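Below, chain A partners chain B and then partners chain C, in two separate complexes.
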Partner chain A sequence: MGWRLIRFYTILVYLFMFLPIAVVVLLSFNANQFGSFPMTGLSTRWFEALWNNEAIMRAFRTSIVLGLMTAAISTVLGVLASLALVRYQIPGRNMITTLLIAPILVPEVVLAVALLLFLNFLDIGKSFTLLLAGHVIFTLPFVILVVQARLISIRRDVEEAALSLGASPMQTFLKITLPQLMPAVAAGGLFAFTISFDDITGTLFWKPGGVETVPTQIFSMLRNSISPEINALGTVIIVLTVGLPLIGAALARRLATKSGG
Partner chain B sequence: MSIEQREARQPWILLSPALAAIVMLLIVPLVFIVVYSFWLKSAAGADTPGFFLDNWQEALTDPFYRDILLNTLKIAAITTLVCALLGYPAAFFIARSQGNKVGLLVLLMLPFWISYIIRTMSWINILGVSGALNSAMIWLGIINEPIQMLYNETTVILGLVHFLLPFMVLNIFVSLDGIDTNLEDAASSLGATRWQGFLQVTLPLSLPGLAAGGLLCFVLSAGTYITPVILGGPRDAMFANLVYEAIIRQLNWPLGSALSLLLLAVLGVLVIIYNRYLGMAQLAKGLG
Partner chain C sequence: MSAVTLNNIVKRFGDYTAVHQMSLDIEEGSFVTLLGPSGCGKTTTLRMIAGLLDPSEGEIAIKGKRVNDVPIHKRNLGLVFQNYALFPHKTVADNVAFGLNYRNVSKEDARRKVAEALDLVQLPDLGGRYPKELSGGQQQRIALARAIVIEPDVLLLDEPLSALDANLREDMRVELKRIQQSIGVTTVFVTHDQTEALAMSDKIIVMSEGRVEQIGAPEEVYNTPASEFVAQFLGASNLLSASCTGVSGGEIAVELPGFPRIVIPKQRAPTVSAPGPVRLIIRAERLVLKPEGTVAGEELGVDAAVENVDYQGQSARYFLRVGEQQLQAINMIDDHPFPAGSKVTVQLRAKDCAALPVEART
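Moving on, here comes the complex of A and B:
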């Protein structure tokens, strides 16, 4: 197979990945009232409609609060667990690692059913608490994988130097380990937020009636038909989900070069 | 307490919150639905605890469930195959390109960050009756009336491939990128053609990545709930749709438990076989 052929094939794969997304963005600026082709002109009316749609704005607020809380809890749990796994010799480490990433291996729908039924048994019905618990479990393995990978590359001897100079383990962690770990903590938190913000399968099982997150709101709007408003919402999400990690990565790089100086 | 004892306890203190969360919110619930699957749904009020085999009998012998399970596995297998066929050359190109490898990889991973439901519904804009493809074909005079291309098994697979391809590419890339290119040079200096060198050196060495990507694609597509609802027709239900139907609509929790566990068991066998031969480390590499 010639190199040029492979390159051509790869370009087609990229087009396959990006064309549908580009069409969403294009159609969201469509002046046509059905939000479909042909394009009759450019307009921002669908974004205005979005802004004035109380249900969507409420879903946005729910998703953001849920995402932030999920990210906070998952990141704290994930960083602590990663420290233990990387910095200490513990028996049964492989088994513990497998256990900690198990939520990735269990199909989400099974995880959703198990958690729903068990917490219901404990008299915790469909609620924000259930939603939060589910999202934490679902995002925790990703945080652990990201933080662990970073932690392995942080040299141990700097920490040991601090300890031998009389710093307490807590001081060493706060002054030496944590600053170097910050990019991974930020990446893990962002990862958790994005996964939580994007989650739909588990959320559909766990959410109480009347509460919608952004994906479930889109899902219920899709039941009727695809409206230009959904494309506009898609564009907003695309800008947020692509823009946020890029800003995050840029920030992380600046932090890294500063502290690495 | 001695210093050694405190040292030994520290990692467990650090691990306990995460472990407690996983055990209380995943492991115990899974055990709980095993028990629950033997209970019996009551016409009214609480389900009847006990040891009844009715749900398992229904889940395992009803041809309706069996057909949908087989169909789900078929769709997952085709999706995985298509992802491998599309993903391998792309991953190979990225791994061997002289340009900005990381940039190319990040670009391909971008859609992974974009909302799954947005990406799934985006195909309605392309293939729908008033979508891009129909409009283009009418404009070109190929057809007079729009044709319905959506809501069948092919579009379900299309949506799944679009969702899962980045996982496949990333895993294959990780594997290919770790291969010492001197090996390929050695093969060609010993007289192998480039194609032979690829088939006998590069491809076998990249199989772990292909397997890891394949496992992820298969498990994620076999457990999917949303894609068949949005892009499939009424007859394209997959197994997760049955679970949702039983749990949320019929409120038949014991049967829903049995169905969930059946899906978990089928996919679990795959994960165990994979773990036996390749280990979980490969999977962690591609995810991290």
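Moving on, here comes the complex of A and C:
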């Protein structure tokens, strides 16, 4: 009796969470020209419209480029920072870790305004570089958290063994540490990409005029009307931000089992 | 030429001195053990030889060449760790071949050397496996093969047997010694296990609190401990307060309450040079329990009461009382152990005793 109630309740919670998403995906295939029920037939016309919508495609390209660059920079910085924090005795190590993780804890609006004011103070205008810098700031903590956790589990004596066998510190890192770290590096990069791709708050503050990312583009389109194109776009984003990490996680698991965890 | 020379090295971590002024010569081809309890500085010393730690003072030379400023990867050393430290993402063969990649060895030669090394550790068929598919003992053999395949100037072993099960540990001990002798590599072995040290070493360096307590061959360290610490750390010893009443030629006479006069050969007490208070050292296994009233031959007899018995199967550890003194004895069991509370005669031989002057206490 008790269990049946819990099961029922759980199903309700899941419905509440995922039904809206399902509706968006479903309506994106609606042939009707209003983005609402009842569905009049199956069609991919909104995906075609999306493909032909220059503004959306531009926003899409911007988001992809921004996401990839954010992921690349955050991953490199994150790996280097983790190595420094885990492998070397740095004075104030805990303090530095806290500071690097802090952007997760500070509300994004505050962070966004702060960066903007700071750059205003320095007399630097808004630019794509600034937008990129902002995204790096708040994706970096995720990379550091993931990579650091993995790095701690890589035994130092394994690296010492490589050194004793004649590998230089750089060769040791490339041949021994990095291959074992790879699942975490990949996961961190994926995190950074999806967070950057999804972000709207910071992006609204930092983007220079005329530059739109997918979320800000949707946001501005919604202000005019609710077009079924947005449902199609939503579907694409869901596939990207849910599908990619899942594939990534599966890849990471396979890599991990191959390398002995 | 010595393989490794330590010249007055000191290692400090902040205010804490881990190794005090240590000098040491390790002969080419010898098996030398750094023995001591945890925190005695033995691993720190090994890591300084390896180049994983820089000494705060002093010089380290390998094969006559000063290596203080030579980084670890240019020292040509074999290093084996307690937890194997195999590369988890590489096969056994790739693990063993790793060091050869950084030496001028052709692919062909490398393959042959790897096969030879795997033969030497008696695991010729495991080349294609990954480390996690091997048992602990097998992993440690692979780690050893990986360290010796590069023909290191010195093989450094940091508690390599400590992670293994008791039975396996003894097999590996014999195996390790066999391999070391067959290739003749100079070996520095770090352990806290006195049995390993006594069984394997040409020379033992007993360390305590960052200082060298004694350097000597296993028998020397065992029979003639240079300090109370060494006497207690190696095996079970009875340390008794006694007084030396006479030093003459090759013998010294020692007296203590409840015991007959004991005349010890001088070589068992090289540091006792004048009458005065001494510490008498008697190994627990050198006290032989006999039924009460057994008449001594050339042995000395002492009446004692058994206070407690620790039964260990083939042998037993007895806690005895002789007057005010408490003694430990470890005897093989013949039939049945003596029960607690029984009266016995303890036999000992004067030549099994050793003595230290009390000033030698540290």
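Some observations on this one:
Criterion: the second predicted complex is superposed on the first by the 250 of 261 C-alpha atoms of A that agree within 3 Å, B and C clash if a C-alpha of one lies under 4 Å from a C-alpha of the other, contacts with A are read in each partner's own complex, and residues count from 1 in each chain.
By definition in this document, contacts are C-beta pairs under 8 Å (C-beta built on N, C-alpha and C of every residue); 3 or more make two chains touch, one makes a residue touch a chain.
Here the structure is a predicted model, which means the values were calculated and not measured.
In the overlay built on the shared chain, the residue A:Leu204 is in contact with chain B alone; chain C does not reach it. Among chain B and chain C, the chain that touches a larger number of residues in chain A is B.
In the superposed model, A:Ser168 makes contact with chain C only, not with chain B. Within the superposed three-chain model, A:Leu99 lies in touch with chain B and out of touch with chain C [touch as defined at top].
In the superposition on chain A, contact of A:Ile176 is made with chain C only, not with chain B.
In the superposition on chain A, contact of A:Val13 is made with chain B only, not with chain C.
Residues of chain A that lie in the contact sets of both chain B and chain C are absent, per the superposition on chain A.
Chain contact summary for the complex, chain B toward chain A: residues 10-12, 14-15, 17-19, 21-23, 25-30, 32-33, 36, 86-87, 89-90, 92-94, 107-108, 110-111, 113-119, 121-126, 128, 130-132, 134-135, 139, 162, 165-166, 169, 195, 219-220, 222-226, 229-230, 240, 243-244, 247-248, 253, 256-257, 260-261, 263-264, 267, 271, 280, 284, 287-288. Interface of chain A with chain B (complex): residues 1, 6-7, 9-10, 13-14, 16-21, 23-24, 27, 34, 36-38, 76-78, 80-81, 83-85, 87-88, 90, 94, 96-111, 113-119, 121, 133-134, 136-137, 140, 142, 144-146, 148-149, 194, 197-198, 200-201, 204-205, 214-215, 218-219, 222, 226, 230-231, 233-234, 237-238, 241-242, 245.
Chain A contributes residues 155, 157-158, 160-169, 171-172, 175-176, 179-180, 258-261 to its touches with chain C in the complex. On the side of chain C, the complex with chain A involves touching residues 50, 52, 71-79, 81, 83, 85-89, 98-99, 101-103, 130-132, 143, 146-147, 150, 156.
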